[in-house]
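Labels run A, B and C following the written order; every chain starts at residue 1.
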Amino acid sequence: MLTILFDGVAYGMLLFVLAAGLAVTLGLMNFVNLAHGAFAMAGGYATVVLMNRFGLPFLACLPLAFLFSAALGLAAERLLYRHMYERSHLDQVLFSIGLVFMAIAATDWLMGSQQQSVRLPAWLQGRIMFGEVGIGIYRLFIVVICGLMALGLQWVLAKTRFGSQLRAAVDDRRVARGLGIPVGKVFAITFAFGSGLAGLGGALGAEIVGLDPTFPLKFMLYFLIVVTVGGTSSLTGPLLAALLLGVADVMGKYLVPQLGAFIIYAMMLAVLMIRPQGLFARGR
Amino acid sequence: MILSSGFSRRALIALGSAAALLAPALVQAQAQTVKIGLILPMTGPFASTGRQIEAAAKLYMAQKGATVAGKTIELIVKDDTGTPDVTRRIAQELLVNDKVSFLAGFGLTPLAFAVAPLATQSKTPLIVMAAATSSITEQSPFVVRTSFTLPQVTIGIADWAAKNGVKKAMTLVSDYGPGIDAEKAFKDRLTAAGGEVVGEVRIPLRNPDFSPFLQRVADTKPDALFVFVPSGAGSQFMKQFVERGLDKSGVRLIATGDVTDDDIVDSMGDVALGTITTHHYSAAHPSAENKAFVEAFRKAANTRPNFMAVGGWDGMHLIYEALKKTNGATDGTALVEAMKGMAWTSPRGPISIDAKTRDIVQNVYVRKVEKVDGQLYNVEFSTFEAVPDPVKAAK
Amino acid sequence: MAKTLPAAVVVETQAAAEPLSPAAFLVAKSAWRWPEILFWLSAFGLILLLPNRHLLLNEIAILGLFALSLDLILGYAGIVSLGHAAFFGVGAYAAGLLAKHGISEPVTGLVLSGAIAGCVGLLTSFMILRGTDLTRLMVTLGVALILHELANRLDWLTGGADGLLGVSVGPILRRFDFDFAGTTAYVYSLTTAFLLFLLARRIVHSPFGLSLKALKDNRLRAATIGIAPNRRIVAIYTLAAVYAGMAGALLTQTTQFVSLEVLDFARSADALLVLVIGGSGYLYGGLIGAIAFKLMKDTLSAMTPAYWIFWMGFILVILVLIGRDRLMAALARPFAPLLRRLGARRS
């Protein structure tokens, strides 16, 4: 039972890292970026290429995946996204779906349409036993890394100068600019960082959820669910929501497999019925 | 009359004779092309199916030439994105506008179902190169299959399991048509052979994490776990199976070849080693035909062919041979008649088309994942010969 | 020149000068303009002009109707939906099951399927009354996903992932049989779409339609002048569900097959894309978008079956970056005053 609980936590953590960037762009910058998954996919593919073609160790690939996706994110932000902040949500949807299409086809062309997988080093495989409870080493690894990430993010947002600049820029762009905050720069960095997180999530998640060119579309739903259920006003919301969804999904499938596919959707509907702003929304 | 003037008459004669010369030439040019409409999912989640088949079909044409029985073959490839209403519209357009003589491809069962009535109406042979639900060939007398049926490759593994001391097995399948077919075929066969299925788990198609289902398997502790998941999901499944330590706890993993698809088996890494599967094709099949096929395919598509590719290859072969038999005539009924009972040696081994059911009869191999020259392959070690589709054979 | 000016423009300038009576305003607004007449004339003209593309045209008509139904809630009530395929799918399955179990006359099937989809719409409409755009997006999406999974599970009824076999559709009104080239199918779908369009046009130009627009613009203000928001939203949502259901039924009847894809997320997303391409809030957006979208898809995928999706994405990105407004304005100058008001504003 505890094993299942732990699997759920690991799955939830993974969802959080994948969705954290979206929570930032959507929640903080109020930008509907459906192409978020494309950056996660880029991170995943970067890892696969680096490991399988250049033989880099898995651990070295993770920061590289982050950097690769972050660089892509930065370039995309400077060249394209920048012009979209002031547009309507529907325009943003159209634009980012277009990007998703391009990313899918380009990946397909470059890497082929089959599933890719990451070969874990031996020390991350298998499981350790705590008494009766077996825990997958890789899942433990994910929980640790993602947990650290979540803490770090919270710290950056709440305690650093950059964090307060970002929050100021989000709350009122014009006033922030008037106070001498380089809003454009802050947004660019945030966007790049969010994309980088997605890339890291993609690299970590390839092992568990798989990786192929349709990744951005397949997982878009999950990202959106995490962000809506969590509420878009903070990062704690999505984190708790991701954990909740991960645990509920895994436990539910274990206990009542007949209802397997319904659980996550039903939960989302239930939460949104009761709290339309998401579970952990703070009043604005 | 003006026509009596010499000049005009000569002109007319010249014109007339030119027309007389030209007309049959035009008719011939038209009749000399035979068009094949190849409808495949080229984008979307099943794109790799489409790519493999397209590459194989083009390779076949490149190797055997584009002329058969005096006719030029023209291949028209269309993407249906895996959506049945699109497949149907494309098929209908190909029939009405392009006047194709064959419809081929069909990556998934519903895609073939949607088009089958059109084949009957227009009397056009419909060659199923991938979809694997047993009942497809019953939807129209013009359907001929060169892929496989899921029960056909499933009963082999049940037989093998019964013979190798598996008493209590558990099944884990994707929750959709083919998965349920496989579950049923396995259960019936194993029970008949004296085994027992102690647990059945169905997983949703859109399911990123297998851990809860595997935990159930770990709780039940069966002798063996039979798995069917669509080919792409195989690698995650395999990894999580090993991660959970199920391989060491004495649960044998047995599956249909979809799980260790040639397309992905090598990238799974060592976790896949030792998995026992049954299927009708492996890129490691030891025959001269297959060696040549794999090598040429690698050169053309820069990847290993899988069972989809071989379905496409044999589908083209079937079309070519049928045209040879009818001497290039494109009457649908005659073509299907010609295909019935046809037998040849494919890269996968000897195969034939059952004259009664128009379904494929082929060897099913028991394979084990092993390392060959540093790469993972499904190495065949035992054969069930000339297996028909068991569902239709039982009728 | 003044003569060729679209009526709406004339009316609006007049309205600025001296206010019309509300009734006169509505009448003037609902007057037919020449581009509209031209649009429908050419749509029907294509029956003769493009005899070998009737199948594609049929698909366009169905997608257009589906997008039109989304426009009713998005463009007129401001409700964003990513799960509109739920109703499309319910209608499609209803039509398929009706045809399989005896009611094979298409028009009867069409009306019944629309009614069934409408019931589902009515039942689910209460879920979208609260929350932000994002909440609605996800609630509608959730409903569609659950229906999709349900259809997969109830395989004794729906055929599950293999699709529903044995759908046999009789001649329309017992007289016109579906032909191989798709001519009957196109005429049937286009006529249905046209009739439903007329109804929609009548509705959005009625006081009810105006009150919806008021709701969309500012719910609080609308409520204070006595417009009950919830009842109106339930009504228009149900109506949109009926339309979507009928579009689904048309698809089933003209292809004689139903499968899970009718409920797919991609179908909802397509409808939204189509509507965003065409522009929402003037009824023609869905139709124009459907034409552009399908033609683009058809041409591109004929050129490069494997990678057309890249160019599709490229065009979408360019469309937004360069400015759909500019492009659309050129195409739809007659609707410019309405066009300017389209689109959900930033929340």
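One rule holds in what follows: a residue touches a chain if its C-beta (ideal position, glycine included) is under 8 Å from a C-beta of that chain, and two chains touch if they have at least 3 such contacts.
Here the structure is a predicted model, which means the values were calculated and not measured.
Participant: What graph shape do the protein chains here make by touch: line, ring, star, complete or other?
Facilitator: Topology of touching chains reads as complete, every chain touching all others.
Participant: Is the number of contacting C-beta pairs greater for B-C or for A-C?
Facilitator: So, comparing the two chain pairs, more contacts are at A-C.
Participant: Rounded to the nearest whole Å, what is the centre-to-centre distance of chain B and chain C, using the mean of the C-alpha atoms as each centre?
Facilitator: Computed value for the inter-centroid distance: 37 Å.
Participant: Using mean CA coordinates as chain centres, what's the gap between chain A and chain C in Å?
Facilitator: So the centroids are 33 Å from each other.
Participant: At which residue positions does chain B touch at least two other chains?
Facilitator: Those would be 43, 47, 51, 175, 204-205.
Participant: Give the residues of chain A touching no fewer than two other chains, as numbers and ranges.
Facilitator: Touching at least two other chains: 104-105, 108, 261.
Participant: Quick check: what residues of chain C touch more than one other chain, meaning two or more?
Facilitator: 149, 152, 266, 306, 308-309
Participant: Tell me, which parts of chain C touch chain B in their complex?
Facilitator: 52-53, 55-56, 58-59, 149, 152-153, 155, 160-163, 165, 180-182, 251, 255-257, 259-262, 264, 266, 301-302, 305-306, 308-309
Participant: Touching chain C in the complex: which residues of chain B?
Facilitator: Checking each residue of chain B against chain C gives 40, 42-43, 47, 50-51, 54, 77-79, 82-86, 88-89, 92-93, 95-97, 109-110, 113-114, 117, 121-122, 133, 139, 175-178, 180, 204-205.
Participant: So in the complex, the part of chain A that touches chain B is made up of which residues?
Facilitator: Contacts found on chain A: 3-4, 7, 11, 52, 104-105, 108, 112-117, 119-120, 125-127, 134, 136, 138-139, 207-210, 212-214, 218-219, 222, 249-254, 257-258, 260-261.
Participant: Name, in rising order, each residue of chain A that touches chain C in their complex.
Facilitator: Interface residues on the chain A side: 26, 30, 80, 83-84, 87-91, 93-95, 97-106, 108-109, 217, 221, 224-225, 227-228, 232, 261-262, 265-266, 268-269, 272-273, 276-278.
Participant: Quick one: which bits of chain B touch chain A in the complex? Just the residue numbers, please.
Facilitator: Counting only chain B, the residues touching chain A are 43-45, 47-48, 51, 175, 201-209, 211-213, 215-216, 232-236, 239-240, 242-245, 263-264, 267-269, 271, 303.
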